[in-house]
Amino acid sequence: MKKLINKPDDVVMEELQGIVVAHPDLVKVHFNPNFVVRADAPIKGKVGVISGGGSGHEPMHGGYVGYGMLDAACPGAVFTSPTPDQMLEATKAVNGGAGVLHIVKNYTGDIMNFEMAADLARAEGIEVVAIVTDDDVAVQDSLYTAGRRGVGSTVLAEKVCGAAAEQLRSLEQVADVCRKVKAWGRSMGMALTSCTVPHVGKPTFDLPEDEMEIGIGIHGEPGRTRMKVKSADEITEMLMEPIIKDLPFKHGDEVLLFVNSMGGTPPIELYIIYRKAYEIAQKSGLKVVRNLIGPYITSLEMAGCSITMLKMDDDLLKLWDFPVKTVGLRWGM
Amino acid sequence: MKKLINKPDDVVMEELQGIVVAHPDLVKVHFNPNFVVRADAPIKGKVGVISGGGSGHEPMHGGYVGYGMLDAACPGAVFTSPTPDQMLEATKAVNGGAGVLHIVKNYTGDIMNFEMAADLARAEGIEVVAIVTDDDVAVQDSLYTAGRRGVGSTVLAEKVCGAAAEQLRSLEQVADVCRKVKAWGRSMGMALTSCTVPHVGKPTFDLPEDEMEIGIGIHGEPGRTRMKVKSADEITEMLMEPIIKDLPFKHGDEVLLFVNSMGGTPPIELYIIYRKAYEIAQKSGLKVVRNLIGPYITSLEMAGCSITMLKMDDDLLKLWDFPVKTVGLRWGM
Amino acid sequence: MSINRDEALEWIKACVEILGENRDYLTQLDAAIGDADHGANMDRGFKAVMGKIPEMSDKDIGTIFKTVGMTLLSTVGGAGGPLYGTFFIQAGMKTAGKMELSLEDWTSAMDAALSGIVMRGKAELGDKTMVDALTPALNALKQAMTDDLPLNQALKNSAEAAREGMVGTIPLVARKGRASYLGERSAGHQDPGATSSYLILKTAADTWSNS
Amino acid sequence: MSINRDEALEWIKACVEILGENRDYLTQLDAAIGDADHGANMDRGFKAVMGKIPEMSDKDIGTIFKTVGMTLLSTVGGAGGPLYGTFFIQAGMKTAGKMELSLEDWTSAMDAALSGIVMRGKAELGDKTMVDALTPALNALKQAMTDDLPLNQALKNSAEAAREGMVGTIPLVARKGRASYLGERSAGHQDPGATSSYLILKTAADTWSNS
């Protein structure tokens, strides 16, 4: 394993120490329990929006803390859900009296830890609504399983819910925006290489030099199938087809097209993927009205990409365009 | 080689096609000769600022075209300087009558191609000033060699020169801003892994699993020394020390600290580096007043980082904070 | 034929050691069908528990178990954190104030602990989770009570039942937790959580083999 | 004892082939002390030249060389593009209007071509660049003129001199171009540009061996 780190066990703490000195204007970092919180939190009368999850997906979530997006983010160990005390303290720190929205990715660990935190926060008189994102069409959905993983849609949900909260909408209204993203967003990812978790020290999985994994999770969870590496155009088709089918997206739908790097795939390749994804969307009668292209929900240094498509309506468009000022996403200010 | 590409020879063209459909609001792409140009170019009375270089360093330079930064960027083949006709046509396309600044990284190929373009543009009556960035302290400087490579400072120069041009400063004044960055910026980089040029198909250099290369160039050019991988803190010291010594930065200097990913190194590691770099700067009496942390001048998917430090004064600070709206850097609008 | 406060603490300390030793093993199991962190998570949690030993040493068994649970809850993370946190907290509530545990006490503590896990994680028997190790272990304890076996034999039987349950997860297709994303591809691998559960119960049987 | 227009075109076509064949070889040389693109650059440029053959086929030698130069200039990129572009453009200017080249013509074309490269790149002999292959090659042509050698022999001598110059770059420490960043570490490697220069002159000698 080659990484720019000191001791594997110190990775998250030292990253947070870096954030402290890098962005004091934007965020504060609370240690023990760990969370990143807006420098100006709590904001009176504003719904607090928080998220959290294992580290290793940066800029998600800590990089999305700031005006118009998250009020706080709780980083766990690398690829490990954070603990309830983190979410409890973060919830308290961002509570401006209008309640707090928890945006939770659908992983058993995330859900259980967030649930316990929500219970504890409610016991302290804070109104909490939790919405679970589960947009990964690579996973077979079923009532009898843990369901689908939460992936790319989470970033989009954080953006639009943060905007809605900034507009001083009520907790239920902000939650409704999140439910809309949950209902209208679909994703699928693939990997060319594995990532290496620092405290493990070797790649999570072995992928021969000529193979790729389709339907991979953002923690290196094995995907749907493994096969010989294909061309960018063929890969894009393999990702787009199940996404379009699943919603189902309809002719004439306006969509946001999000091509994400798993970390190790550079922009030059993302644009090649975007080019084809755009073409496929167009051929399917979808109108791409917004996009996002880059490493926004990553899996350490894994090479590969994911595609997320979110159906848009006027309100989502306005919320998407609303000013945002975070390390990871910034416009309008 | 595993990459999300179709044919290696089509990589740059297909990337540009992706940019066409991704950012029509920001840029236009001209094919044959290839260049990315502001959607609203030329702007009457404004100095045009252009740059260019081999592809594979994205978002540099195409991702920096837009309000407050570049007017056009000329992408060559991967890691290969673009040709004079590209720069000539780009110069003509952005000439608003106030002249055009060429920001050129110090590589023999870039210099010769830009020089020929500048001669041709001047022959057509366009005033052109070319400034060469050469900030890489890893390279021994000498009158009798090609001098130092242009690396991280280039991004900073593009930002502040773009802002100066947006303020309608004269060509000489914009060039003076560039000269200041050239004089006050120093960089050094390192690699944990090689990158693979698509048309070559295998890594540019072999780096054993436990070794790193200090002083690497952004094209995978070998560096100063090769040694066993060290801790993030030790590596940061090895990069910061020659930078601080070289200028020389002085006690009390205000600086911009730029920690850059070579492409494959994720944010979590950059913040660990930033943490230590900040500490070293502070201990050296330097005041870090601005920063930039992320993959801004990359070397395809190479793992590693570079550090750039730029001494700031009031004017540079104002120009840095000036609004910018590009794919790669955006704030204030 | 009972476990006293010091012995309870011995078990916890032994768990710290065993989970440290099995860190890589559990991580490997988790790499195959999960995300390669179960070993590191459990080890981090129990290392934190180790730090709490001094403050626990003069407390009753219920407080000890509750402290372990709270510590795991705030240090393990992932699925394991809330599940093992709940496990120990529930066991602690059932043994509140006690300085000594009989077989009945231990059985009812384990019953509460397992119920807590099921309530939290909603896994059923056969879903390929720690529940598949813990359920037969609890049943073995209940059987031992019916059969009037001595405590140490009961613990031995319960550890053996956990082992069988753990091995029994191998052919199963996961329906809960991260492994469920794999569908059919999860079959053929032993569940990491069932394995850590077995290790914890085996450690109890070993530590308390003279009880 | 002269080169006519069709033969000039034959040389260009042969260069397309030779540089295609040596693409990987040149790239490997460039990987060692540069950025691994010299082969791809030259190949891309000459492939583009190939596309211009039809429009060149009824032109004079000067126009042919100039067209080659302009094409290389706008397709090769890197250091090679302006240098070889200049090389051919200068050669073309010296041979403007000519349908046939004598040894004198060729020598003065090469003289202009090399001067163009030196003007553009400012490299001196011994800097470990293509100048180290081209300079002895030009000197050999001049010597052949003094010695009154036949054209084909002169070309052979010039190719051989280029080869020696190319091999002579191996021990040198680069002072120009990308290899110069390496300092002392550039010694021990053959310069890619000197190698492509040799290949181009060797191809001239081979194509025109009966001239």
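Worth pointing out:
Letters A, B, C and D name the chains as they come in the text, with residue numbers starting at 1 for each one.
Note that in this section a residue touches a chain if its C-beta (ideal position, glycine included) is under 8 Å from a C-beta of that chain, and two chains touch if they have at least 3 such contacts.
The model shown is predicted, which means the values in this text are computed figures rather than measured ones.
Shared contact partners of chain A and chain C do not exist in this assembly. Note on connectivity: the fewest steps through touching chains from chain B to chain C is 2. The distance from the centre of chain A to the centre of chain B, with each centre set as the mean of the Cα atoms, comes to 29 Å.
Chain centres here are Cα means. That of chain A falls 55 Å from that of chain D. Separating the CA-averaged centres of chain B and chain D is a span of 32 Å.
Note: centroid distance chain C to chain D, computed from Cα atoms, is 76 Å.
The residues of chain A that reach two or more other chains are 78, listed in rising order.
Taken as a contact graph, with one node per protein chain and an edge wherever two chains touch, the assembly forms an open path, each chain linked only to its neighbours along a line. Taken together, the chains touch in the following pairs: A-B, A-C, B-D. Against chain D, in their complex, chain B makes its touches with residues 9, 33, 54, 76-85, 107-109, 112-113, 115-116, 138-140, 144-146, 149, 197, 199-200, 204-205, 217, 219-222.
Across the complex, chain A meets chain B through its residues 2-6, 11-12, 14-19, 21-22, 55-56, 58-59, 63, 78, 192-193, 209-210, 212, 229, 231-233, 235, 263-275, 278-279, 288, 291, 293, 295, 298, 300-301, 303-305, 325, 327, 330-333. Across the complex, chain C meets chain A through its residues 27, 31, 33-37, 40-41, 44, 73-83, 120-121, 174-178, 180-183, 185.
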